[in-house]
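Order of writing sets the chain letters: A, B, C, D and E. Residues in each chain are counted from 1.
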Amino acid sequence: MFKAENISKSYGDLKVLENMNFQVEKNEVLAIVGPSGVGKSTLLKCIVQLEKQDEGHFYLNETKVDEKNRIRIGLVFQSSSLFQHLNVMDNLLIAVKYHKLYEEKEAVKKAESYLREFGLSDKKSAYPSELSGGQKQRIAIIRALLLNPLVLCFDEPTSSLDGENKTLLIDIIRKIKKEQAVIVVSHDEDLIERVADKKVILG
Amino acid sequence: MINMLQSSYPMLLQGLGQTLFYFIITLLTSSLLGVLVTYLYGFRRMRPLISFYISIVRGTPLLLQLIFIFFGLPYFGITLDRMTAALIGFTFNYTGYIAEILRGGIQSVPQDQKDVAFVLGFSKSYTFYRILLPLSVRNSFPSLSNEVLVLLKDTALIYALGLSELIKVSRTLANLYVSATPFIIVGLIYFTLSIIIEKVLKKIEKNMRKVTI
Amino acid sequence: NEDTFEALMEKGEIVVGLDDTFVPMGFRNQQGELVGFDVDLAKEIFDRIGITPKFQPIDWSLKESELNSGNIDLIFNGYTITDARKEKVNFSDPYMDNTQIIITMASSDIMSKEDLTGKVVSVQKESSAYDAVSGEEGVVENLKNGELITFDSNLDLFMDLEAGRSDAIVLDEVFARYVLLSKNIEEYRILEDNFGQEEYGIGFRKSDTTLLEKVNETLEEIRSDGTFDEIKKVYIND
Amino acid sequence: MINMLQSSYPMLLQGLGQTLFYFIITLLTSSLLGVLVTYLYGFRRMRPLISFYISIVRGTPLLLQLIFIFFGLPYFGITLDRMTAALIGFTFNYTGYIAEILRGGIQSVPQDQKDVAFVLGFSKSYTFYRILLPLSVRNSFPSLSNEVLVLLKDTALIYALGLSELIKVSRTLANLYVSATPFIIVGLIYFTLSIIIEKVLKKIEKNMRKVTI
Amino acid sequence: MFKAENISKSYGDLKVLENMNFQVEKNEVLAIVGPSGVGKSTLLKCIVQLEKQDEGHFYLNETKVDEKNRIRIGLVFQSSSLFQHLNVMDNLLIAVKYHKLYEEKEAVKKAESYLREFGLSDKKSAYPSELSGGQKQRIAIIRALLLNPLVLCFDEPTSSLDGENKTLLIDIIRKIKKEQAVIVVSHDEDLIERVADKKVILG
């Protein structure tokens, strides 16, 4: 389903990724672990083409990842970045609407159901600056989930989540992996243990 | 002064009408085109051309631009009437300044906002229209307001094309009455207009700021 | 507000206000020196009175403000005598006549004032041409759109005439003759009709009566001993 | 044209000198005062006063401001010479516009930067000088550049006070030679000056941008 | 040493904190726990006076916390906010220099020693935008430590830290608490267990 072949990446003199190879299939959760600063986020940025790797290629269903098919790969950033000028609902729907994934009504229904699940129903019309750290993180996760990507990458998804929300996320990951390949970057050993099917260790 | 006002108000009114006409049309055209130019600046290949355009606009006085369009273009076989020449000149000029302000606003949009738009797969135009432009306008609103208020007064330059507006009327009246009072009157008219425009702009700014960053 | 003559004589300097772009009355030559008919005349007058003239360029629109705020002591630069101005300043005896002439391209079908009906006519803003044309009854209303076009400078008038946007222009004969020197005069037509004659005078503050008298006396002297015509010959070719 | 240049370059040079004199002095004074006004805007009690000042500056044409300072102030017992009046007028005006641009730049500094400065116990002035001002200048640099380039050309307005600079020289020459060529020459001088200033500004901007946000 | 008395705080209609009371002494680490969105960060912001509580007061050594003595309370934000236009070293030193806590030389030495401890010696002249999530977090922690506050508050200090760095931080907290009172907000149960002397549970 998704494959990384000989990926290398440097920032100036700093070699961050060197000749990385891994593969992840539908129904699998791949965990990427390693000490802080080793290049985990950089790898995810390369996967979604936000950074260009110096060498190697990624493949999605046997096709090289490029401008066209990269949008089938989702990423939840380490610092959950919501659009500052949009409220929660608009943040959730803007991409869904743009890609016309489903009808507006259905999109709203899906978004609302996720919000309910994560206990955020009362924050629908709040702006990002009015949310707590964990609330922002959950909204960013929901936004990625709504897009139904083929591969979904999470960068430290539980960094601001309490136990209950973490369990909820784990349940969701277990559910979506049936249709999607999932990549999780985290320092949270408990999380890794509970969801990961395989592991890549960096550094 | 009251006396002077009474006998010259038709002229003042007409001058005011002209000032507002050129102000409003230029504001509309150059805002729209300014946004367009800012958008095009996002394409690497367009940059040299746009930079060149901005250099011309900022590198020469608006007055000379107007004079060139009106008196210079006829030598190249293009003779425009006064109104068209004035509107083209103003739009040409203000589009450049507004585009430059918006470019600045976009540069100060935090990188993470741009990254998210990219990862969500938005096209360049959608990112521009839905993310960069709104944040940029918010960032640079005071500078844009400056520009709007300067435009109001720059319309005075149409005198060079033989058109008549407030300042010109005040000069004519000053000459007629051999008095500086018309300048004071016109100053007050400008001030009143500006205060109204400023109020409107502040209201818009406040509405945008409700959503804090 | 008092008579400043004594004070001026004591200082030994008098400030002459002029528009230094007004050819041929007061302007700068290639070296940047102030020259012109009025400049030379002023030098001659104040030389005889025994006071040094200091020339101060001003924005022509603000000449009376400059005078009354004391920044300059007189306005001396092809300053046309009008009734409105007489209320604000005192004029010397007129020292020169000027006609507001009408110029068209030679190919134009405008031959007289009457032919101006429905045409575009331009003048310099705040000029005596403007006053003369708009002061004559039944002229401006009959122009195209019922308006008289005004430009920043007399040179603009020629440019607009040549571009074909103006059908006729009205301006000072003194200046027009100077301009036509450097153009092909065959291409233009100066109509027989004109918008009247006017006189140039020197403007003083109302309170400066002694100065006014002195200048008038000296002016008369300069006229009668032929110096006036000598100066005129240098700048104005009839 | 070459001919004309040869014989009139002393005048042009002098005009250029005047233009640059008023440009440079005003740039310095109004940048400094603009920063000061922006700083004072941080104090709630100063705001009404500053807003009023900005309204006046933006509400009336610079030309009228100059005329008022030179011709109007003497009625209040303050008589200034031409140069002083021009410099005060320009500084008064540009300080307002620059302050407004910087205020905008400060508004778009992300809240977290302001919060950290607060928690670290920085005084208002230290926060302003070390955090807000640098980030604001970076945010609003293109708008500030616009202002600098407009100033260069606005210096032409000193003609109203009987002072002479490039545009005035071009008028004089145009009358002398009965030709529009001097306008073209002066246009080119402005353009060259602007290109140089723009280059310098771009360099500064790039240096600031090296440090991406 | 530090005391909170009857603290209440609302955002509009939303009651976030209600009548909170707690106390923390030198040589104590107080943990504040509770689900995401319950008001933990809000409480810390009130403590440093970044937000004004609606009711109640904080006391530092028996004096009300106000504009003057609030600077003796440090806070490491949940999203580690470094000054964008300053490099790592300048970020670390700007506050120390401003408050003239110690001589420039000594300050640099201290900063360098912390950087070494946290494995960040090579990032001295990097700008925040060139740092990884965990690196930023560590710099923010060091900046707070250098200021030697009487009370030091941490908001989710380990959210992006790997195991090794977390242990390092725990050691440091144990060391500084001898001189300072420490307040830690975290969802990381392991962290709480290892450092907390007492707990306040919200929500």
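In this section, a contact is a pair of C-beta atoms (placed from the backbone, for glycine too) under 8 Å apart; a residue touches a chain by one contact, two chains touch by 3 or more.
Since the structure is predicted, the reported quantities are computational estimates derived from the model, not experimental observations.
Trainee: Consider the two chain pairs A-B and C-D; indicate the one with the greater count of contacting C-beta pairs.
Mentor: C-D
Trainee: I'd like to verify one number: the distance from the centre of chain A to the centre of chain C, where each centre is the average of its C-alpha atoms, in whole angstrom.
Mentor: That pair's centroid distance is 80 Å.
Trainee: Once you find the CA centre of chain B and the CA centre of chain C, what distance in Å lies between them?
Mentor: The computed centroid separation for chain B versus chain C comes out at 37 Å.
Trainee: Would you mind pulling out the distance in Å between where the CA atoms of chain D average out and where those of chain E do?
Mentor: 44
Trainee: In whole angstrom, what separates the CA-based centres of chain A and chain D?
Mentor: Distance between chain centres, rounded to whole Å: 49 Å.
Trainee: Using the touch definition from the top, which residues of chain D touch two or more other chains?
Mentor: 67, 71, 110-111, 138, 180, 212-213
Trainee: In chain E, what residues contact two or more other chains?
Mentor: 79, 129
Trainee: In chain C, what residues contact two or more other chains?
Mentor: 61-62, 65, 159
Trainee: So which chains actually touch one another? I want all the pairs, not just one.
Mentor: Inter-chain contacts occur between A-B, A-E, B-C, B-D, C-D, D-E.
Trainee: Tell me, which parts of chain A touch chain E in their complex?
Mentor: It is residues 11, 34-37, 40-42, 78-79, 119, 130-135, 137-138, 155-156, 159-166, 187, 189 of chain A that touch chain E.
Trainee: Quick check on the complex: what are the chain B residues that touch chain C?
Mentor: Residues of chain B touching chain C: 71, 74, 79, 81-82, 159-160, 162, 164, 168, 171-172, 174-180.
Trainee: How about chain B: which of its residues touch chain A in the complex?
Mentor: Per the touch definition, chain B meets chain A at residues 110, 112-113, 115-116, 118-122, 126, 130-131, 134-135, 138, 211-213.
Trainee: Could you list, by residue number, the parts of chain D that touch chain B in their complex?
Mentor: 55-56, 58-64, 67-68, 71, 97, 100-101, 103-105, 107-108, 110-111, 138-143, 145-147, 149-150, 153, 156, 167, 180, 183, 186-187, 190-191, 194-195, 198, 209, 212-213
Trainee: Okay, in this complex, where on chain C does chain B touch?
Mentor: 61-62, 64-65, 84-85, 87-89, 122, 125-126, 130-131, 149-152, 156, 159-160, 162-165
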